[in-house]
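Labels run A, B, C and D following the written order; every chain starts at residue 1.
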Amino acid sequence: MVTQKIRKDDYVLLYLSQRKTYMVKVEKGKTFHTHKGFIKFDDLIGKEYGSRVLSSLGVEFVALKPLLRDYIMKSVRKTQITYPKDTALIVMFSGIGPGSRVVEAGTGTGALTTALAHYVKPHGKVYSYEIREEFLKTAKKNLKRAGLIDLVELKNKDVTAGIDEIDVDTIILDLATPWLVVPHAYTALRPCGTLVSFSPTIDQVVKTVEALKESSFVDIKTVECLMRRMQTERGKTRPQTLMTGHTGYITFARKAMKPEA
Amino acid sequence: MVTQKIRKDDYVLLYLSQRKTYMVKVEKGKTFHTHKGFIKFDDLIGKEYGSRVLSSLGVEFVALKPLLRDYIMKSVRKTQITYPKDTALIVMFSGIGPGSRVVEAGTGTGALTTALAHYVKPHGKVYSYEIREEFLKTAKKNLKRAGLIDLVELKNKDVTAGIDEIDVDTIILDLATPWLVVPHAYTALRPCGTLVSFSPTIDQVVKTVEALKESSFVDIKTVECLMRRMQTERGKTRPQTLMTGHTGYITFARKAMKPEA
Amino acid sequence: MVTQKIRKDDYVLLYLSQRKTYMVKVEKGKTFHTHKGFIKFDDLIGKEYGSRVLSSLGVEFVALKPLLRDYIMKSVRKTQITYPKDTALIVMFSGIGPGSRVVEAGTGTGALTTALAHYVKPHGKVYSYEIREEFLKTAKKNLKRAGLIDLVELKNKDVTAGIDEIDVDTIILDLATPWLVVPHAYTALRPCGTLVSFSPTIDQVVKTVEALKESSFVDIKTVECLMRRMQTERGKTRPQTLMTGHTGYITFARKAMKPEA
Amino acid sequence: MVTQKIRKDDYVLLYLSQRKTYMVKVEKGKTFHTHKGFIKFDDLIGKEYGSRVLSSLGVEFVALKPLLRDYIMKSVRKTQITYPKDTALIVMFSGIGPGSRVVEAGTGTGALTTALAHYVKPHGKVYSYEIREEFLKTAKKNLKRAGLIDLVELKNKDVTAGIDEIDVDTIILDLATPWLVVPHAYTALRPCGTLVSFSPTIDQVVKTVEALKESSFVDIKTVECLMRRMQTERGKTRPQTLMTGHTGYITFARKAMKPEA
């Protein structure tokens, strides 16, 4: 079996339990402290990914290689991030895949950007608009950490004033006034290109759907997704007590040609 | 603006309304009949994708370029297919992306296979196991239609008897007895590789989770996803009356090294 | 054990399966025909409630005494009825019980009226407004069948023009424009009286909540309720595939005194 | 308009906001302290229910007359209580109403008992079994506070050993092992009597459904109910972020006669 060793400066997900995981950078000579004891990074270096390691208090952690979902959930946040359940649907509805050219607005701290960049590898591109410069700095950090920064062009620009790119495959909107971007999106998209908008309130959805109808988009649909965890144990199986009741609505549309005059 | 023309033998999604779309192959000289009149394929050839065309009865259709989701929903079915909401989560949880090597079982008629192949482009591979030969034939047809057959190796084999591949990134299970595959999956996965299992019943989930715990998998979690459509129209906005109440549970896990003896 | 015998002209619920039940009136000399054979009513008369009876084709039915929920679900309908899950919450939120005086609008065909009358027995009263006379006729029939007509005063009047009663305990609104009734409801309610409104669309809810705030109501809250059936069988346990995705939103409020000028 | 005055020793619900309400006993000479200032009870006595009163810090409270739901939510708890959404469905499914005779087990601290007693007024009776004596003391206190103690017979007995009553209309089970009570319930119920069982885990449901089938119950069904709050405000309307994901499953059945041998 081919194994992969943990190297200096790798990001590692230290797994303690379903509720407790830590994303750490394995810095030589340093020590990671938890309430369950400490772990010396030098002890991790050279170990195989997936290894079980003991803390100074004898508690077992598993040293996992981070997945896309970990980079999203553990991203440095200054804003509400898009959750994996919504990210998954946004990606699926958009139709993107390896090689796609995507415009995103706004970047926020880059959680959704990370997912988009992951799926357009190796030759696609994500153009991501954000007006708040401090968010872009955090997004850059998160994208670097996930090894995806080369696939993204971060743009400190107001997307409601226009989109620079043309013939893009999809436009992903996660900002307060998506309806103001819809006409620009129409211009920027290739024919049959898709638009996906994520909004927490019904009022945003209604305005966006109206703008999409006016701009010759078709196949417009809005969904919401509820994800519930199950506690699975023979004799005690049940859904979990608390769940996220709402994150946002996802609206999808495709660009059609304008009707001939 | 770069446009893309409809060519002979393309698959086109003819969009009439949210409820009525048709996936057609544009065969020279042939005609497509609907209850809203007919469309001659020769009239489509050379038109731009996204064009609005009129049927013989003057009803407007939009000629759309199919997306991944369309290939899934319009796949030739002989079994229950995995719905896009579940496919989206399975893909996200698995952590796969361009270049991933994936084992899937069972293939069914290839709906989920289509999605997996799409996301591992251009250099990844999907090894898909299915014991019912007639399903594999349909799956092959569906994958060809979506232009993804080269990324998939269809295997007419019983996955509960073993997995040929090693060091794969993820294993996706959508079959009646996933717990029987778990030990083989452990052997076939690279360290930190992921397993995602989709099952309609609680009983399947409980057995699979128990098998995962026995086989040194960690970060085991089970979720279900409810997706609800919104009817969005100013003054009439409301969730839709009918929804799919249940498709299946999605169980996720990661391979950890076995504890030292 | 005290038993209760089926008498001539009783309403009986013939139970075949979870999916097939029939509400019948046991008329002397008559026969009830189903796709599973016929049952002579004379054979039912004198039998104990809960008895198992065989049809002419030897298929077993159980002769059940109808419950409130059966009268609701089997009411003669000309409109969409309020479903038991919503009726249950409306009753609970309203705070009504034996002896309560209730105003309802609109009556429709009396499904919700039936429940309200049931719970205010034996000394309460339901005043139910409806502008469409043909609906009142059906409602009357349904209430008679359930033995609850004496508790209800059916009023062929437009509730948006005013409410005749005063000092009522609760007002239940299930009509297209509940916000137009809110000021009348404030006048008709006793202090701390409750108002419960049921509406399918978000737009109705927003307008109603605004009217409630303007009319010195407090403790205003809106909920929706999703009920899902489980298929319970060892080894095959799972939620059912189809469910009702939406019926309506339930808004609740309590009358407070107006602030002193 | 008839008004009702607050009297000494009444229970009053002081309403500050959707999130903050206080159930208080208006004791002469005493003072109620909150983080928004204090309220002297002597200032409440003689005021009309529904009045707005100012705290010492000038913050407005509304003095509401408690409803059934308030007595449930504000009951003194030592155990997990049954939530109003579930209570509402249990009551509706059971078919109880004024005059019904009900057996309940276990009492817990009397939240569900309070609701059952409320709906069987004025001539019905609730026989409530509980093995833990300290719970019964709290239940007694809660039922007295709600003015419903005369309708309830609290029994410090193990219901799995048998039920004393016969010919009861319904049996409500909210205990760890409902399946052990099913045979006793069959004996205690009148023909066509109902049984409703509330359980958090799937495993409890499966065992209970099996016991019901063995004991000649019919029309067995299991549901779960998800209730979600809406935040309703023009321009900001959306479901609330957090919700209760699971409380328990509700199983319903009716007693049929045993098949003849």
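The rule is short, and it goes like this: contacts are C-beta pairs under 8 Å (C-beta built on N, C-alpha and C of every residue); 3 or more make two chains touch, one makes a residue touch a chain.
Since we're looking at a predicted model, the values are computed, not measured.
Undergrad: Give me the step distance from subunit B to subunit D, shortest route via touching chains only.
TA: When the steps are counted carefully, the minimum from subunit B to subunit D is 2.
Undergrad: Counting only Cα atoms for the centres, state how far subunit C is from subunit D in Å.
TA: 21
Undergrad: For subunit A versus subunit D, what separation do you get between their C-alpha means, in angstrom?
TA: 43
Undergrad: So, what's the distance in Å between the C-alpha centres of subunit C and subunit A?
TA: That gives a centre separation of 46 Å.
Undergrad: Note the residues in subunit D that touch 2 or more other chains, in rising order.
TA: In subunit D, residues 202, 224, 228-229, 234, 237, 239 touch at least two other chains, as defined above.
Undergrad: Pairs of chains that touch, anyone?
TA: Contacting pairs: A-B, A-D, B-C, C-D.
Undergrad: Quick one: which bits of subunit A touch subunit B in the complex? Just the residue numbers, please.
TA: For this pair, the touching residues of subunit A are 1-4, 15, 18, 21, 48-52, 60, 62, 64-65, 67-69, 84-85, 87-89, 91-93, 95, 97-99, 115, 118-119, 121-122, 166-167, 190-192, 194, 202, 205-206, 209-210, 218-230, 232-234, 237, 239, 249, 251, 254-257, 259-260.
Undergrad: Which residues, counting only subunit B, touch subunit C once they are in their complex?
TA: Touching subunit C from subunit B are residues 200-203, 224, 228-229, 234-247.
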